[in-house]
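Same chain, two partners: chain A is paired with chain B first, then with chain C.
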Partner chain A sequence: MLRNERNFGSPRDRVDGRAKVTGAAQYAAEFNAPDLLHGYVVSSTIAKGRITSIDTQKALDVPGVLKVFTHDNRPATAWFSSSYQDEVAPPGTPFRPLYDEQIYYSGQPIALVVAESFDVARYAASLVEATYEAGAHETDLKLARAAAYVPPKKRQGMKPPASKGDAMAAYAKAPLRIANDYSIANEHHNPMEPHASTVIFEAGGKLTIHDKIQGVMNTQSYVSGVFGLPASDIHVVSPFVGGGFGSGLRPQYQLFLAVMAALDLKRSVRVEMTRDQMFTFTHRPETINTVLLGADKTGRLSALRHQAVAVTSRFEDYQEVVVNWSGILYDAENKQFDYRIAKVDTYTPGDMRAPGAPLGTFAIESAMDELAYAGNIDPLELRLRNYSTRDETTNKEFTSKELRACFQLGAEKFGWSRRSPAPRSMREGRELIGWGMASGCWEAQFSKTSAKAVLTSDGRLEVGTATADIGTGTYTILTQIGADALGLDMEQVTAKLADTTLPKSPVEGGSWTAASAGTAVQMACEALKKTLLQEAQKIEGSPLADAKYEDVVFANGRIAMADDAGRSLDLSDVVRHSGQSEIEEQATAQPDSKVQAQYAAYTHSAVFVEVRVDEQLGLVRIPRIVNAVAAGRIINPKTARSQVTGGTVWGIGMALHEESLTDHNLGRFMNHNLAEYHVPANADIYDIDVIFVPEEDDKVSPIGVKGLGEIGIVATPAAIANAIFHATGKRIRELPITIDKVLREAA
Partner chain B sequence: MAPPAKATSAPFHAQTVSLTLNGENKTLQVEPWTTLLDLLRHDLRLTGTKKGCDHGQCGACTVLIDGERMNSCLQLAIMQDGKAITTVEGLAGEGEDLHPMQAAFISHDAFQCGYCTPGQICSAVALVNEGRAKSRDDIREMMSGNICRCGAYPNIVDAIEEVLAEQQSGSRHLEAAE
Partner chain C sequence: MNRFSYLRASDVGEVVSALKDAPAAKIIAGGTNLVDLMKYNVERPERLIDITHVEALQEIIEGENGSLRIGALVSNSALAYDARVTERFPLLSSALLAGATPQLRNAATVGGNINQRTRCYYFYDAGTPCNKREPGTGCPAKTGLNRIHAILGQSEACIATHPSDMCVAMAALEAVVHVTGPDGERDIPFADYHRLPGDTPQKDNTLLDGEVVTGITLPASSTQFSANYTYLKLRDRLSYAFALVSVAVALEKEGDTVKRARIALGGVAHKPWRRAEAEALFEGKAADSGLFARVADALIDGARGYEHNAFKIRMAREAIIRALEQASAGTPQSNIDKHIV
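== the complex of A and B ==
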């Protein structure tokens, strides 16, 4: 593929930067419409049971209230729960808001108050009174796991790897043995922008929807399925998404409620969730891993067993990849994997930044650290001794794997060789110092994506695809790719995203967008260039009349002969001569099934952490982290570094702060606000050094890109826990590692 | 059915408030329960100021009131009589040069999704003016009222540090000139 790379591979400022720093960027709740109505959600106060009555009269009596929607008066929507399926739905029967009197979880939406103003809707919502007949609920995984089961229907590609040999027998004979449980608390995504939908009701009943969603096509097909509208009547436009991290993959209940109200009242409606309602749909599932390792005296693994059990809801079998990561990182003659889920009375968990990966990786990489101490082997050396050179879980070769280089460059940058091996052997003042490390991987996915490339008569290029930029830098990298392809400056290129009128794309997630949308844009640009040459050759007396495509270059807004710059045409002249106002081409990128059958593709990372632990106060600080990542080619080192930095901050949150605390008596997440649900604040974050290890990969995607959204978080929690052990001699196997656990006596 | 009376009618009494907003004098009728944040976002359509929690816990709604950084969700609109309020829209208008803090946020990639960004920037502008922050640790500590879920913190500190250093070298120039 022709590569004219002025921008690809170079740090570039975000093209949407000005919009974001001036407040001009518009998010879902910030679109307006004449006579816009405001909806406010009333949430259930019990976790299980049924509504016996719901009194809305007091709310209706408030001047300015138009209607209160409940299960009693909900307008007709699709009958079958399958109509509520969306692109990302796990197996099961999706939740249907206001469907009937049944309560499935605490905080379930039970009414929507619609009023002329937000203040009135909020006040009136406080007057809605529901009475319930409560049922017996269960929200505790430790109890529910007794009924855990292997999900009968798998989410695509989410099967644990096959077992091999006899892991238990090999474990019994092994000179070095580790067997422990490793658990991770429920977490909530908490993007800064609360979920919101603004539904604009237009003449003829068509809808324009501004939804907080990571894929506008998913919103469109969901609304179409639930409300029976043709897709052509549903225009979804969500140019800016204030963080998603997975919470915006599936359409959430505010969308349903806003569309329902708009169609019923024939008015435009906005429904915004409150921060506490952000705890009433989807979360990272509490997960308990059990890992068993057996190794010879040199640390070479002979037995590996990784089991996990995670929560799901009563109505859907949410699943994620937790145990597979062990088998991808390490091979053992005897191994066994098992993943089960257990039903509890909460909403269905959902994908949250690197779903499953940091959970399983925390377990295996903690266990490997324990094995290193048991065998008196350097933790980095132990990983090198067990380095997998092919993916035994899928029985495929890696497209590329530069994890060794991550280890080497990361260790050098960190100064790992200066580590004193014994726990509690490093100290400064009142702080114990610990150095820990871990490695991780994430699947480098590639999803079918279409894009367009349009050249206008003023010589500007527009590239577009329906995917989202949730802060990932998608606008910027697609602008870079387009500019390079046509030989234009980035200022002459506009990227359009998140609009259902654009060529189809899957949701933005799984770290596949840069590779997939990037390739699609590149292909659309290549198609456009061929068309432009053809049009150029139709011009009378064209200096390019006999040129072959291989012989021309696109640069400085012109098509020119590569060996004779004098023979050239201005791109805008080519468009004008074509008789059209613009020239457009589209292309669809899809994975090569032959390559996929033969190869497995992963992004890798090695994380090195220094912690400082105040033993008297139990406070943990993380003054520095080195996160060395091998992710193929990097399109924009500036935004890429931000992605990995952000992922690393998420890893710190998982390791030290984040936990959705449940009162099992009430069956409710209790810390449903940002004061009590701790996410890292500025003062928690010190130096994060991101290294991109060179990695050439011509198989993972046509542009050699692997994706970066997830990898930053994957190995970070394990590396922190390992560093805390090195500092304190205390092995803490439950995340988050809060002060009480640090102060707890060593087990 | 006739549309119900607008919520702004009796029995509640809207109050008159006069304030300066981004340099412009405004006289507004506000309900006693309306927060400054909702006034800005809903009534005045200045949506650059963000609602992240509505509880003073995240800082996304930070604006400058008489030059001081405040969570506008914890301020009632009715309390702003006579105050001068600056929102992110007031730092640089359409087509105008960016405020140095805005420019530094772009060049240091101090944001990702952009939702906390106006609050971060307003907070950072006030922080520099406060003159208390002397080190990266100070910046970290004094910017901890503004949560960034994307985790752009190291870049936020870089951006503020640069503006702080420029301002300090600028004031040294001034001293030298005197």
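== the complex of A and C ==
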């Protein structure tokens, strides 16, 4: 079999681009049903305590209101909290909406008003009056950390890195020493599309659900578990997701409320969150790192200790990988790691783009930068001197690691060699210029995924799997892979996603979808091709009668002998002769357990940043960034570039802008809108140059792909903070680096 | 959002009588602030009086010696790009372009901009106390989050700021606000339009119940500032954020000396902040950095910060000095290219 790669590796437009820009793409809140009801959520104003009474009469008196659901009158649902556990739930007791009178966090849903129109529901919701008995809350990590603990039960996938040697003793003896705290604020995901669920109540009580979710199977199993419905009665269809970033991994409370209301009222119901309610579930956890480095005079690390403490909720032990990254990036004879969480009265934090990685990387890469200055060593050179050649945290070889090439190509493109080493030594006009860099890595995961490939009698190919496209370009790359496999044009291929009737797939997250779904589609196509050849050979007088699979090619809509194009059949004829309307094959891609036992797989990046700082005014601009990424084979450089650029922009946001401001007196996030929760605006973004470093890797996945949805953000904040130090000589160890911090440090 | 009735007014008389009939009515112009506040249950008007069809409020009228009378409904974009404004009052144009986004500026009006409410987090969140929203409930900002709050002119009751950029320029240009009410028309000097919070922070300004803003006049005397001016806005990102501190400077120079100076600050107080004593330091003096620093000190003398906003005191001082340098040199800040030089 010759490998046809007309599309794989080439920049291709998004196949769903036109539907998105013309509004044809339907999102969860855009599906309609006859007599659709609308639910509006009433949120708690206290952070802790209990509801003593809740008066819904005024709301019920509004014409058009059908029902107000509260903990007092909600229909019975599953009794055990374990039934609320979803595919990606951390250890603990999942939040159960309207379960009882207890308040666990400010903004908790306490009632759902259901009415004939959205406006009536919203108005009536403003008339619901709750009285509370408030308890004493704590939302401040600086205080809560006193009671931090090592999570007794590890979240799935959490690998505590092994410590070795005696880091403290080695540190005490080291000629070069760094020890500091590095902290990162709470952040909210804020995808453009707010969370919403449209639950269509079908005849016979079956449900069709359009949910904002990064994996329809997760919605299906959650609804099945909580409401006791057979999975076959729950059809989840969410073809488009307007950004997820992790906020859509777990089913959120609007889903529960919409399903509850639909089942109770036997009507179709939609519940949409408002923008301020987007701050009432899940967020990136505030995290404080403590890093201690000891090195000899050449910068070789002898001691590395990385500790972190992060917030979690009262009811679940959310965990993410924060400290391991430093052990993956660097070798040191003595290493110690520690990751703890501390309970506060908020909702459970959740995964947000590269969960944990930019936080731990900000810490280790800031500390390495400090070490570089302490030892008078070029920051890039210091990283090369401590370059890890195997993953010490898991004691495995890397499947591949082209970080060195990232350093080299990134530095060349950026012009790193022209950097003047001393802080405050570069200036233009009123602005100090700073050049900084950092490196990072992110797991290249592979998850069990099934897919189908169907050839119809008009010669078109349909590929499908249940995973989502959260805007990353999954539809496009699966179309490319399908087209190449069958030798068709991309226009002749349709990708189908995000429907529970499609072959099973995990949630879209962890940057595993391109590798996993891509491989599954490739395998399904291979299976389909074999079947097609068999069918072709059954045709009387088939020119391919004696052909072996290895000897044929699929091209231009035909199967042909590789060495004799004259001996060929049209694919649509093959389907027609088979007597079936279409031919379908399915396949399941699974990680190779032997490879996994021996190897660790990561994507890597090296980020180079120029900042300009007006020290008097505290203003920071970022005129250019080079982000060099090694992520295996790149299926579509165009969508891939978008992913890394987007991650880099988010890195700028994390470095300079993003912070969910908490009023600790009230225990409430207060800047809950896009005017006051700042993400970078166009004016903040100048040149971002993305480089994909060639990386061949036959172990990470059968198609050599690593995935790159997350790597873009990982090292960017650290590189920016390091550039700010180079510009100003001021080390800022708290993100975001807002104007007040630049001014404060300059004082 | 509550239920309300809606009236589309066709002239100013109808607006005034509708306001008289329904005291809990609200005027709606561009709606970019009011509708948000209604969605948050902060404003709950019984009746909306839509003034966008009142012809008389749409125009820019030439006055004597270059003065301009600007109708309350002129959009922020139309005003910013009007050739007479960019030529005679470029400071105003610059301040307008420093605000919000093109979409918002297309909808926002002069009357709405003057009357927009503070951006204090608590004021927008009906789930929290706030003296401005519900007098007597307290001011959580003082001991809570006060990064964007006032450093000058605050009261025990309220430490909010007025968020407008346009108004800072208008204060420096000494515009006059024209209002019409049940007792007829009156003119209010810009400096007297907005007020400090005192113990009635619920009142942002001196507009009386039943009055409507019909327009503002930019005086002829302020056309003298068109060569030496700047609007410098410092904010948390380079666009689409309210000012942490902004400075409007209007200088009339003769050679190296300053004949007349007008300076207003935004983002630091419940109203655009001016001090005649500070401006008087200039009169007849040569513009130099020592003078700029003295003016800055005089303008923010007595400033007081809270846990999160104390940085604004130093920032304001630096911003004033920089803005005076820009204005004096005739190199105003561009609010299209956000790069500050």
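In this text, the second predicted complex is superposed on the first by the 742 of 747 C-alpha atoms of A that agree within 3 Å, B and C clash if a C-alpha of one lies under 4 Å from a C-alpha of the other, contacts with A are read in each partner's own complex, and residues count from 1 in each chain.
Just so it is clear, contacts are C-beta pairs under 8 Å (C-beta built on N, C-alpha and C of every residue); 3 or more make two chains touch, one makes a residue touch a chain.
Quick caveat, the model's predicted, so the values are computed rather than measured.
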Check: Given the touch rule stated above, what does A:A675 touch, chain B (first), chain C (second), both, or neither?
Finding: both
Notebook entry, point to check: Which touches a greater number of chain A residues, chain B or chain C?
Noted result: B
Note to self: Between chain B and chain C, whom does A:A597 touch in the aligned arrangement: first, second, both, or neither?
What the structure shows: neither
Notebook entry, point to check: Which partner does A:A146 contact after superposing on A: first (chain B), second (chain C), both, neither?
Noted result: neither
Check: Counting only touches as set out at the top, which of chain B and chain C does A:E30 meet: first, second, both, neither?
Finding: first
Margin query: In the overlaid three-chain picture, which partner chain does A:A203 touch, first (chain B) or second (chain C), both, or neither?
Written below: neither
Next item on the list: Based on the superposed arrangement, let me know which partner A:D119 touches: chain B (first), chain C (second), both, or neither?
Entry: both
Checklist line | Partner chain in contact with A:V649 - chain B first, chain C second, else both or neither | finding: first
Item checked: First, second, both or neither for A:L619, with chain B first and chain C second -> second
Margin query: For A:I470 in the superposed arrangement: first (chain B), second (chain C), both or neither?
Written below: first
Next item on the list: Across the two complexes, find the residues of chain A that touch chain B and also touch chain C.
Entry: 119, 274, 673, 675, 680-683
Next item on the list: Using the touch definition up top, name the residues of chain B that touch chain A in the complex.
Entry: 3-9, 31, 33-34, 38, 41-42, 45-55, 57-58, 60, 87-89, 91-92, 94, 98, 102, 105-107, 109, 111-118, 121, 139-141, 143-144, 146-157
Item checked: List of chain A residues in touch with chain B within their complex -> 13-14, 16-27, 29-30, 32, 62-66, 115-120, 190-194, 240-245, 272, 274-275, 470-473, 638-639, 641-643, 645-650, 673-675, 679-683, 685-688
Next item on the list: Under the touch definition given earlier, write down the residues of chain A that touch chain C in their complex.
Entry: 43, 45, 106, 119, 122-123, 126, 274, 276, 429-430, 614, 616-619, 621, 656-657, 661-666, 668, 670-673, 675-676, 678, 680-684, 738-740, 743-744, 747
Next item on the list: Could you pull out which chain C residues touch chain A in their complex?
Entry: 1-3, 39-41, 119, 121-122, 124-125, 127-128, 140, 143-145, 147-148, 234, 236-242, 244, 308, 311, 314-315, 318-319, 321-322, 338-341
